[in-house]
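In what comes next, subunit A is part of two complexes: it sits with subunit B in the first one and with subunit C in the second one.
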Partner chain A sequence: MRKEPAAADGGTRKTKLVLRLYVAGSGPNSAAALSNLRDLLAVRSGDEDPVEFEVVNVLREAARAFEDSVIVSPTLVRLHPLPVVRIVGTLCDHEAVRLALGLPK
Partner chain B sequence: MSESGSPPEAPGEVESLRGMIETLERELAESRAANRALASGQVDAIVDGSGAFLLDQAQTALQESEELFRTIVTTADEGIWTVDSRMAITFANERLASMSGYRVEEMLGRGADEFIRGDARDGVRERFSRLAQEGGSQRHDVPCLRKDGTVLWASVATSALFGPAGGFSGLLGMVTDITDRRSVEAARSRVAAIVESSDDAIFSKSLDGTILTWNAGAEALYGYTPAEAIGMSVVSLFPPDKACELPKILESIQSGHPVRHLESDRRRKDGRMITISLTISPLKGEDGLISGASVVARDVTERHRHEEELRRSEERFRAIFQVSPANIAIGSSSDLIQNANDRYCQFFGYEREEMIGRTARELGLWANAADRAPMIEILRTQGRVQSFASSFRRKNGEVRDGLMTVEPIDLGTEPMFLFMIEDITERKAADKLLRESEERYRLLFDESPMPLWSYDQSTLEIVTANQAAADQYGYTKDELTSMTLDDIRPASEIERARKAIRASAAGRQFAGVWKHKRKDGSLLDVEIHLGDVQIAGRKLRLSMLNDVTGKRSLEEQLRQAQKMEAVGQLAGGVAHDFNNLLTAILGYSELLDRRFDTGDPARADVAEIKRAGERATVLTRQLLAFSRKQVLVPEVLDLGETVGGVLRLLERLIGENITLTLDLAPDLGRVEADPGQMEQVVMNLAVNARDAMPMGGKISFELSNVEVSNVELDEGRRRDHLGVPPGLYVLLSVTDTGTGMAPETRDRIFEPFFTTKEVGRGTGLGLSTVHGIVNQSGGSISVTSALGRGTKFRIYLPRVARPVSGSHPSSGKIAKLKACGTILLVEDDEQLRRLANQVLSHSGYDVLVAQHAEQARGLARTHRKIDLLLTDVVMPGSSGPELALSLAAEHPGMRVLYMSGYTDDAIVQHGVLTPGIQFLQKPFTPNGLLHRIRHVLNLVL
Partner chain C sequence: MLLVHPGVASMGKFVLPPSRALTGIPGFDELTSGLPRGRTTLVVGGPGCGKSILALQTLVEGARRWKEPGIFVAFEESAAQIVANAEAFEWDLTTLQRKKLFFLDAHLPCTTLQSGPFDVTGLLAGLSAKAKQMGAKRIVFDGLDVLLSQLDDPVAERREVHRIHEWLATSGFTGILTAKSDGETSTPSRRFGFLQYLADCVVSLNHRLVAGIAVRHLRILKYRGGSASTNELPMIISDRGLEVGYFDETLEYPASTKRISSGVLVLDNMLGGGFFRATCTLISGAPGTAKSTLAGAFADAACRRGEPTLYVSFDESGAQIVRNLRSVRLALGSHIRSGLLVMHSVSARSRSSEEHLLQIRSLIEKHHVRCLVVDPLSALPDATADHEARGSIERLISSSKRSGITILATSLLANANAIGESTAVGISTIADTWIHLSYNVQGGERNRALTIVKSRGMGHSNQVRELVLTRSGVTLTDVYTSGGDVLMGTLRWEKEEQDRAALIPERREAEALRRGLEASIAETTARIEELTRDLGGKATELERLGSERSNDTESKTRRTGRIRGLRRFRASGPEKQPDRPGNAKRA
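Moving on, here comes the complex of A and B:
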């Protein structure tokens, strides 16, 4: 069983989008992924649902990654709304990422 | 899955399956994405249970690369394998092992196709060989076999591998287990099929009432095709007066409450109104929010119509109940009268209000209170009561008979019973009268002394028969009524009788005399009178069956006797004339004979004439015997001695192969008969019997005393003695074991000249003679015979009380004296007269010859001394006896000798000679005449 992500954070029940990005330190792909994700989230209009966003370094917290079924980094995990979605890679294909996360265009 | 008749409860299950599928698909996608990311260098690190490993592209060493590869392969969520160019497995990861149930080592070296289900192998081989030739990669769903034999549905992605030199070196495959997904898809398609095939209308709509899905049942119910309905607003389905329901329904759905079994009217596409039952449930979207509603609708128009009809039918029933001509009440199991119709109240004489709410016991409806318990017992054990006979008391005390029928009825409340009482008071009284009347007529029929039966004219079944009929036929009444008319007829008569019955007209009639068969096989002559009756709708004929067997037989005998009498008269008349002629022939031939010398050859011719004459004489005598015109000289005799004497003689004559027996009853009675004639009877019967037994056999003579009574109870004896007048008899029966006779022969055997023997062997007079002698002796004769069963003659001679005669009255002493004396000869036949005169004169007598009585009287007056009157009996003018009487006074010493061809009442009574009278039978010979005259003249009186 996966750990219920909301348990650690509290209050996630009200949030619409909970994301967790697993990175390998400042590895080039990880950095690219973080950058791409910021870009994706930045284009969102202000009146949309809030986003809870967390970055986890697998080199420091490998166990968390393993628990979230993350086997490579960078991997972006959408924890809420369910189902859990995992996106591997640099997130350079913005359109595909947006679709996978269920974000409006 | 639910049945088609109720709304499906699938959404929850479908939801969970959908979730599983999505999870699986996502994991698969993620796994692929991870691979793609790895392949495209977008990965910085790899995470496993022990930690994260940085991928430093710059320093990637082959060893590390292999380590990485191994890690990926071992941790991948997909089964991974490689095969060499011969398709033998060269590598398999743990995931593949766990999927397939084999251990990795078990798989290595085996052909890949061994793990494919048989029917898919060819397709897989073909694809692999194409990959080997063309390179590239493919993905297919393949049915594989787990070690335990179950099917593993695998989505297999396959790529061709090429060696450093560019040659095909094998394949790399990645396997995803999609078995669950396939079963989810199957489940989903099953749900869809159920929805689609349901007879109920099932559709979904959004919260604003727009129709989203529409099954075939909906099309059938509302008349819209799916294409027309989807996108249409449900408002179109509402008739104006029901439009107000829609907001309420939507409100309920939005608040999450289903609407169940709402009955309302809707409008079809064609405008027709239907009554439906609706169940509307909220539908939740993937977000868990209510996004619409599912509707299950069912046409209840028919059901409503049925309910309406039921209600009307109940009303009708109530009306029928009230006005029914039968007496009907409804009662509860606690015996309370719940309802009673008009007739029921009338039957008991109460007002309805007086009966309802009270029990039969309170009202005292049972005239015999004891009847109630057995009725209740029947109701308890059998659940109903049918035609229970009892009597009931009316309010005014009158008791009526009724048949009670009780049926349980379901009125939806406590158990109820329908009580029906049929009033049979009048019917019972009428039945009693009818029974009495029937009994009277039954007795008239049953006890009738005349045999009666009735039969069905078409089937000929005997329907009823009385005791007299049973007695007459020797059957019981029951036996008779199980028979048909064919059974009592001799087989030869059946067809003729059937024809006669078919042809016979209706009405009372005489049907004639018919042969019927008794149970013992004997035949009856039955005189039948017929009448028509109709019993229980069956057309019957009543037959009166008068047994006339005895009467018929007597008639037959009488006819036979008359015939014999007529033949006898004729024969007697002829014989009389013959005797005169034969006497002349014999007499003159004897006289002629004396004229020739001893050695004269002419004597032989004369002897022939005499022999012929003598044979003719024997024949004539037999004729006379038959016609009972011969003269008998009866004596009282013991027939046993007579028969015994003849049999001793016969034993030597009759043949070696024939046994003669004589059975004499002790104390055998005596009879009065001519012993010579009796000997003749025995001889003739013995000869007749012998001729019937060419192969030999046995002739039994039996002599016994019998008494023939008017009232003979024994059937056999009555038949044996048929036609014999009552009295005491000595019975002589002669039985042979010969060929027997057919009835036609038997009826004619006593006729003269009737013979079954070949021409020349018999005269046909033997049995005629027997018949004549027996009858002339005051006896009776009968014969019974059947072909192959021998013949039995019975001769009845009246018993007499007198003792046996001492000696023959004619055996007087004959004095050896010279012929002398005067004889007055009276004979009307000239030839005879001349012959007798010549014979007597030659012998030395003085002969006075007269032609008739008158002339004889004249001669007698002139001649004082006449020693003997020799006279014919029958003559013109005075007869012989009259003449003898008139001369007796003047010639007291004159003896009389009558001569005649046949006897006559003048000297004999019934042919039997009065004792003391001397008689000479014609024809006679000269010697016979002389001898007799000497005898008479010398008789010591």
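Moving on, here comes the complex of A and C:
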């Protein structure tokens, strides 16, 4: 069930990106997701656009995860630009994640 | 007040064994004595089998009755949908939701992208926090397969199920996982087959058609450390939620020696005093042999004694029965108004025999029924598969007898005089008293005849009686046999008239003799009176004579002296008679 969100145009537009990654401590899946996301953002490091990036540890902030309707870990949420995009899993498929988040190649 | 099965109600009062958590589902707790506490229970079934209802009911009842708040994690439907669906039940979720129930929306929106494996660690951490905050003891994971199938990796799926299982065990929650099964089979789809090995208790639900009628069943596939029956048990969904048709199958119940009236005096006499309490009486007969009338008479008598009575009709409306019975002076309407009589009219074909049974049973509990009429009981096996219905009927009868309820059931026979018809025999073996009604066609008339075929434990008349329905009520009359024929109706009346006529000369003679004797007695009495009078008169005379003599002597002496004094010269003179009281002759 892979669906491409409607935010694929973000690649060319210079927009501030707000991301939040919910992890379950340093569990294997969560650790992998954090690592994958860092790789993806590192490619983009040459860009001038700022990226707001927050990591929420649901083991410490359980209530926050529920409030944000995060069920599984890891979950990556793109809060800006709208629409909100949610990606679950280790983010191992870089190409798909990049498209979904609207990151340039 | 919440209606519960007696068994559950009594269990609720005691301290529960720590290893079990009651579900509050009628029948289920009697069957399993509750879910394994602090363990995982798996509920499997196809679509629409009632998996979510079973899980939610366990939470609701736990919160309401045993002060065990619960969390419902909905992976398939949204929490709002679940709550809306549960509106159909008398559960009052809105009140419970404030404090004792928490619904978590856990279905991934379809716009969610998945890239690589994920786990439920975060979810469990969140649940732990929430559970601690509200003191939750029970947790339901409804439709977990929906989430896990997105992993698309059997190994990862298995790992997550293990994770939940371990989390439940370590946190001491009583958990219920629901999962879909493959089509009609009762095992979970191959993907989650291992769940059965993991879980401590596996409940399988199914839903299938028997003779065109949907029948629900529940089966305990596995119960670690328990000895629950693994038989398939019927189950219904009512407005109270699920109910499982579990019955204590042992035939252990006290035998009463108390008798209660059948509502027809002569029938009571034929049975030597009426039906035994807590027995089942079957009235069989062709259409129109007045089975319902006898059933109505029984119900009327029960209500007159002040006993709550349930009248189940499978072929007529309650109003129709009341109207019809009014013609034989049975006023059931007043009993309905007083609340003693409950009419339950339902088409036998509308649902499975088991559902009928459970419905009847809940009515029995609701109204504290003491007498039960099922009219006709034969509608159940006629409408549904025979063996299913037979089982339901047996359970209805044995559970009613155990609760001290006296049952009167009717059975319709297609052939007017065929006592040996298979259906009737099938039902009749479980009846303690069997009354058969038939027609007697003779002399251009069709009259109703009543026979007691059997009656366990009581001497009963072997005579065929004529059942007479009149405006003044129902009764039975003796029948006449003439030249080997049983006379009924007009022929009987004629015979009775003949007998009466034959008595007339005899009566006249007796009358004459009586008059003669009366006259003779009167005469003798008169003579005795006369003689007594005579005797009395003589006795008085005798007494008078005695006292008169002494008086006379005294007064005579005085008078003589006086006269002598007056006369001086005469020694004697004429005597004057003084008035003597008592001299008048008494009547």
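Keep in mind that, in the parts below, the second predicted complex is superposed on the first by the 87 of 105 C-alpha atoms of A that agree within 3 Å, B and C clash if a C-alpha of one lies under 4 Å from a C-alpha of the other, contacts with A are read in each partner's own complex, and residues count from 1 in each chain.
The criterion applied here is as follows: a residue touches a chain if its C-beta (ideal position, glycine included) is under 8 Å from a C-beta of that chain, and two chains touch if they have at least 3 such contacts.
Quick caveat, the model's predicted, so the values are computed rather than measured.
The partner of subunit A that touches more of its residues, comparing subunit B with subunit C, is C.
Looking at the shared chain after the overlay, A:V97 reaches subunit C, while subunit B stays out of its contact range.
In the superposition on chain A, A:L59 makes contact with both subunit B and subunit C. Residue overlap on subunit A between its contacts with subunit B in one complex and with subunit C in the other: 22-25, 27, 29-30, 32, 58-59, 62, 65-66, 69-75, 85-90, 92.
Only residues 1-5, 22-25, 27, 29-30, 32-33, 36, 58-59, 62-63, 65-66, 69-75, 85-93, 96-97, 100 of subunit A touch subunit C when the two sit together in their complex.
By the touch criterion stated above, subunit A contacts subunit B in their complex at residues 22-25, 27-30, 32, 58-59, 62, 65-66, 69-75, 81, 83-90, 92.
By the touch criterion given at the top, residues 19, 22-23, 26-27, 30, 33-34, 36-38, 40-52, 54-55, 75, 287 of subunit B touch subunit A in their complex. Across the complex, subunit A is touched by residues 104-123, 125-126, 128-130, 147, 150 of subunit C.
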